[in-house]
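Next come two complexes, and both contain subunit A; in the first it sits with subunit B, in the second with subunit C.
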Partner chain A sequence: MALALIVPALAVVTLFFVAPLAMSVVVAFRGKGGGITLEHFAKAFDYYSTDLLFTLAIVVLSTLLIGGVAIAIAGYLTLGGNARAVAILRWLYRWPLFIPFVVAGQVMRTFLAKNGMLNHVLIGSGLIEPLSAQSLLDWRGIVIAFVWKQAPFVTLLLAGAMASLETQHIEAARNLGARRLRVLVDIVLPQVRGTLLVGLVLSFVTMLSVLSVPLMINPNSPTMVTVDVAYRINTHGDYPVANALCILSLALSAIGAAFYLRHASRASTAAT
Partner chain B sequence: MRPFTLPAPVTAIFRASVLAVLAFIIFGPLLNLLLWAFAERWYFPSKLPLEFGLTYWYRVFQPRGNALASLGASVWIALLTVAFSLLVAIPAGYALARMKLPWRGAILLLFLLPQAVPNLPVYVNIAQVFYQIGLNGTILGVVLVHASHGLVLAVWIASAAFASIDVSLEEASRNLGASAWTCFRTVTLPLATPGLIASAIFVFLESLDEFTGTYFVGVPDVTTLPLLMFNATMGGNYQISSITALLLLIPSIGFMLVVERFLKADVLAMVGR
Partner chain C sequence: MKLRQFFPLAFFAFAGVVAAQTTLNVVTAGDQNMVDYVNNYLAPKFEAMNPGVKVRAVGTGPGDGGSQKIYEKLSAQQKAGSAEWDVDVAVIHQLASATMVNEKLLMPYRNDISAGKLVSRDTAKNALGANVDGYVLPMFHSQIAFAYNPDLVKSPPKSFVELNEWVKKNPKQFGYNGVKGGMSGVGFVTGWVSAYSGLSEKLEKGPYDATSAAAIDRALLGLKDFNQYVVMTPGNAGTLDMLNRGEIAMGPVWVDMFYTWQADGRLNPKVKLSLPSPGLPGQPMYYVIPAKAAHAALAKKFIELAESPDVQADGIVKQFNWYPGIDPQFVQPKLDQAAWNKLFTDISPADLSKYGRPFPLSPYFKEIVEGYERVVLK
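Entry: the complex of A and B
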């Protein structure tokens, strides 16, 4: 009975997710005459090793920045002394939460352009000279779009976890004269590390497979692997190399998963 | 001994300027979008549009324009995706929450997979298979791709919604003679409704905003709003793409403002249990 209720859902996920994923592995490793080959991977490395490194660098940097922003905002929301500033911040930070990546890419494309609003404001406020204004539509644009879009999500998770902590430790430390930054680093953060890690790993994996943002902000080489996959398919119909690239980006996301599993196993040993 | 602290007005000014910079970072890009949506003409090196107007809005909303057709396709696909996902997710969520299930952990993990693994290889290969069986470029093909992804959220939230219901309410109705189906229909389902609405909204938004899957599977006949926006941006038509982006933002921001009404803490606490 229970199985009958769950079989349709299982079938959908298996047919339209697990099967294509398995197919990707098969196509990436299958030679022209059948048999297992690594030639597609050799070709993928040959053409796109720069882009693979570029992708890894962008996603790692974005993940670190997202973590920093989320800790800063969630930390202030939890420990901030000025009630009005906390209320404003709580209202402010979530706006990009549900904005789709494709829209984030579009708004950044105009905002960060050489003649975009960011440069106008920087020039207007005297922070930079008009001549030194430059377009940020390269790797920096991708990172900015990722952090802008993804940091509120991690902040939401993190602030929720911090809010459910016992306040006694925090208050005790504060009473003993500990400064807020110290309380955040020594008392609050160690208790919410798991939540932070889940949010960051989910963001890491999500950013690895976003196609629209790099396509709109920085479609030329060096660019992210997703753009290369789309190019191999749309221009060359080259499914083997596209799938080899996909497997390589799966391998990159496995790094993120490994981080998470190592933490999870350590946490469960600590709990027993 | 207290460490050195800054005088109060200095910290107040510092706090206000940090908040102001943050507000600019968050709202600046959105304000820029708004300006582009109402700009008639905007050339270098002008800081603001030279002329505001609604010409492009008329063009987007003209009866036979691409945008209205895309909006229609997007909403229709999202509604079908929600219907399909919930139809499959409600029984699965109920079984996961209430019944003894072999390999329950493994099944939950399998439902997590589409959120935890990069989706690109999946879309690429589904597109190839769908091409061979004639599903590429059809609404059904796009709905199936969106549903396989949205289903995950739907199953997890539905299962959490059912798990947060007090079992004794169901037992009371069974003891009074209600059949299992009547009990589910009149007790369990109504109590789970807020959570199910939340999952429906999530699935709807995800489908509405989905780009990569539609990009591969929808070509050449299905153009949703995100694809239309992308094409307009790449063609350098920033007005059209900004108006389309605004249309996409309305449901997203609307949901952000009401999410807590539907997704209550007791349901959130049961996610993944």
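Entry: the complex of A and C
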């Protein structure tokens, strides 16, 4: 009976997730003659090892920045003294959540260009000289787009977790003269560490799979692996190397998954 | 089934049920503008001339993938042994035309229609090295050219060699989109290799020779050096965007996109075009008739109309900014001077026929773009 209940879910997972994944692995390892080969991986490394490292660096850097931004915003929402500023921030920070990656990429493309809006504002306000204006449409553009898009997501989780904390600790620390930053770092953050980690891991994995942002901001070398996968398929019809690249990025996201599972299993042990 | 695939089938089914009149099925690869062109421009004209005939246009998607779908459909009907195929006119890319002629999926028809005598370019006979003589008529030609801002570049480089010197004097003023950001960048790269490998004839006409790889790699090595002095742009539209914002002074673009953007007010009207020696690639789309088209006679009439100087002038050149599929000398008298000037001021018809080149044969093409990643990007 129990088996009958899980059959539909199991079938969906097997049919639409496990089977394609298995196919992808098979294609990545299958040679022209049908035997097992590593040549597609050799080619993937030969052509795209820079891009693999670039992808990892971008995603790790973005994850760290997202963590910083999310802590800052969620911390202010929880501990901020000015009620009006808190209300405005609470209303404002969620906007990017509802904007698709492809739109974020498009917005950044005009915003960060050499003669784009950002540089116009900086030049207009006298902060930089017109000659020193430069285009941010390289790795920096991708990082900015990722942080802009994903920070609100982590903030949402983090602010929720912070709001559900017992306030006595915070009040006690404030009564004893602790400054707000100290309260955030020593009292609040340790208690929401798990939520922060989950949010960051989910962002890490999401960013690894985004094609639209690197494609729109910087599709040239070095670029992210997603662009290379799309390129192998669209231009060359080369599914083996594309699948090899997919498996390599799967290995990257497995790092995130390992973190997530370790946290989840610890949480479930703590709960029992 | 995707909606996109469903609609064509729904159309065919519907057409079958209510066909009190004859329906001419036109299937076109390419972007939506191709479908719009047939539905909104050609169909009304053709239906007015042929009472009782209804034209149905269906799109199969952009790029060679769109042509591949048409090939698969016809191939399936051939294998099933159908006596009548449900596509009367197809519009396809060069790569697919070679395969389809080879597999006897198409009907030779050029000599059956009078407009067949109006074509002059080699593309009417040769598709990336394959002989397609008689089976195709170019609907239009599109061309890659350098767009430049004359305020910043007084006299644009006339050749790839001059360009190479120019970028060293003007670093970061030339921009292109590599090989992963669209065909204008790919075309620039194949143009570069044609110019610097000394193989330009061989790349276009064949036969394929694997020992050419060394010369191609040498040319690409030069491109690697060149790349240090240029800006990489994000895509075909990215090059135009950066030109428009004054971030680069020159870059390779599709000519039809260039004019469309200027007409829409999205590109500085001062920006001009030039075609360097020994040339940049372009490509046509072909009208073809499947070997067992149900309405072959009507299909020929349809293409006759589409290739007529009037339609080529007003539809292809004036409204869609493509270069004509037939010889420009037959099109010019049909256009007012302004429309003609728009298309040919910067690049004269003589330059176009001299420097407008085909893409390399497909094995070379593949070798060049793969070589770009191996040699230039690493």
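Everything that follows uses one rule, which is that the second predicted complex is superposed on the first by the 249 of 272 C-alpha atoms of A that agree within 3 Å, B and C clash if a C-alpha of one lies under 4 Å from a C-alpha of the other, contacts with A are read in each partner's own complex, and residues count from 1 in each chain.
As a working rule, contacts are C-beta pairs under 8 Å (C-beta built on N, C-alpha and C of every residue); 3 or more make two chains touch, one makes a residue touch a chain.
Everything quoted here is computed from the prediction, not taken from an experiment.
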item: Partner chain(s) touched by A:5 [first = subunit B, second = subunit C, both, neither]; value: first
item: Partner chain(s) touched by A:121 [first = subunit B, second = subunit C, both, neither]; value: first
item: Subunit A residues touched by each partner, larger count belonging to subunit B or subunit C; value: B
item: Subunit B versus subunit C as contact partner of A:259, first or second or both or neither; value: neither
item: First, second, both or neither for A:109, with subunit B first and subunit C second; value: both
item: Which superposed partner A:45 touches (first subunit B, second subunit C, both, neither); value: neither
item: Touched partner set for A:235, first subunit B, second subunit C, both or neither; value: second
item: Interface residues of subunit A shared between complexes with subunit B and subunit C; value: 109-110, 115-116, 215-216
item: Contact set on subunit A toward subunit C in their complex; value: 46-47, 50, 109-110, 113-116, 135, 137, 215-223, 227-228, 231, 234-236
item: Sites on subunit C touched by subunit A in the complex; value: 63, 65, 177-181, 231-232, 234-235, 238, 241-242, 245-247, 366, 369-370, 373-374, 377-378
item: For the subunit B and subunit A complex, residues of the former touching the latter; value: 2-3, 15, 19, 22-33, 35-36, 44-45, 47, 87-89, 91-92, 94-96, 99-102, 107, 110-111, 113-129, 144-145, 147-149, 151-152, 155, 205, 208-209, 211-212, 215-216, 226, 229-230, 233-234, 238, 241-242, 245, 248-249, 252-253, 255-256, 268
item: Subunit B partner contacts - residues on subunit A that touch it in the complex; value: 1-3, 5-6, 8-10, 12-18, 20-21, 23-24, 27, 82, 85, 88-89, 92-111, 115-118, 120-121, 124, 148, 160, 177, 179, 202, 205, 208-212, 215-216, 226, 229-230, 233, 239, 242-243, 246-247, 249-250, 253, 257
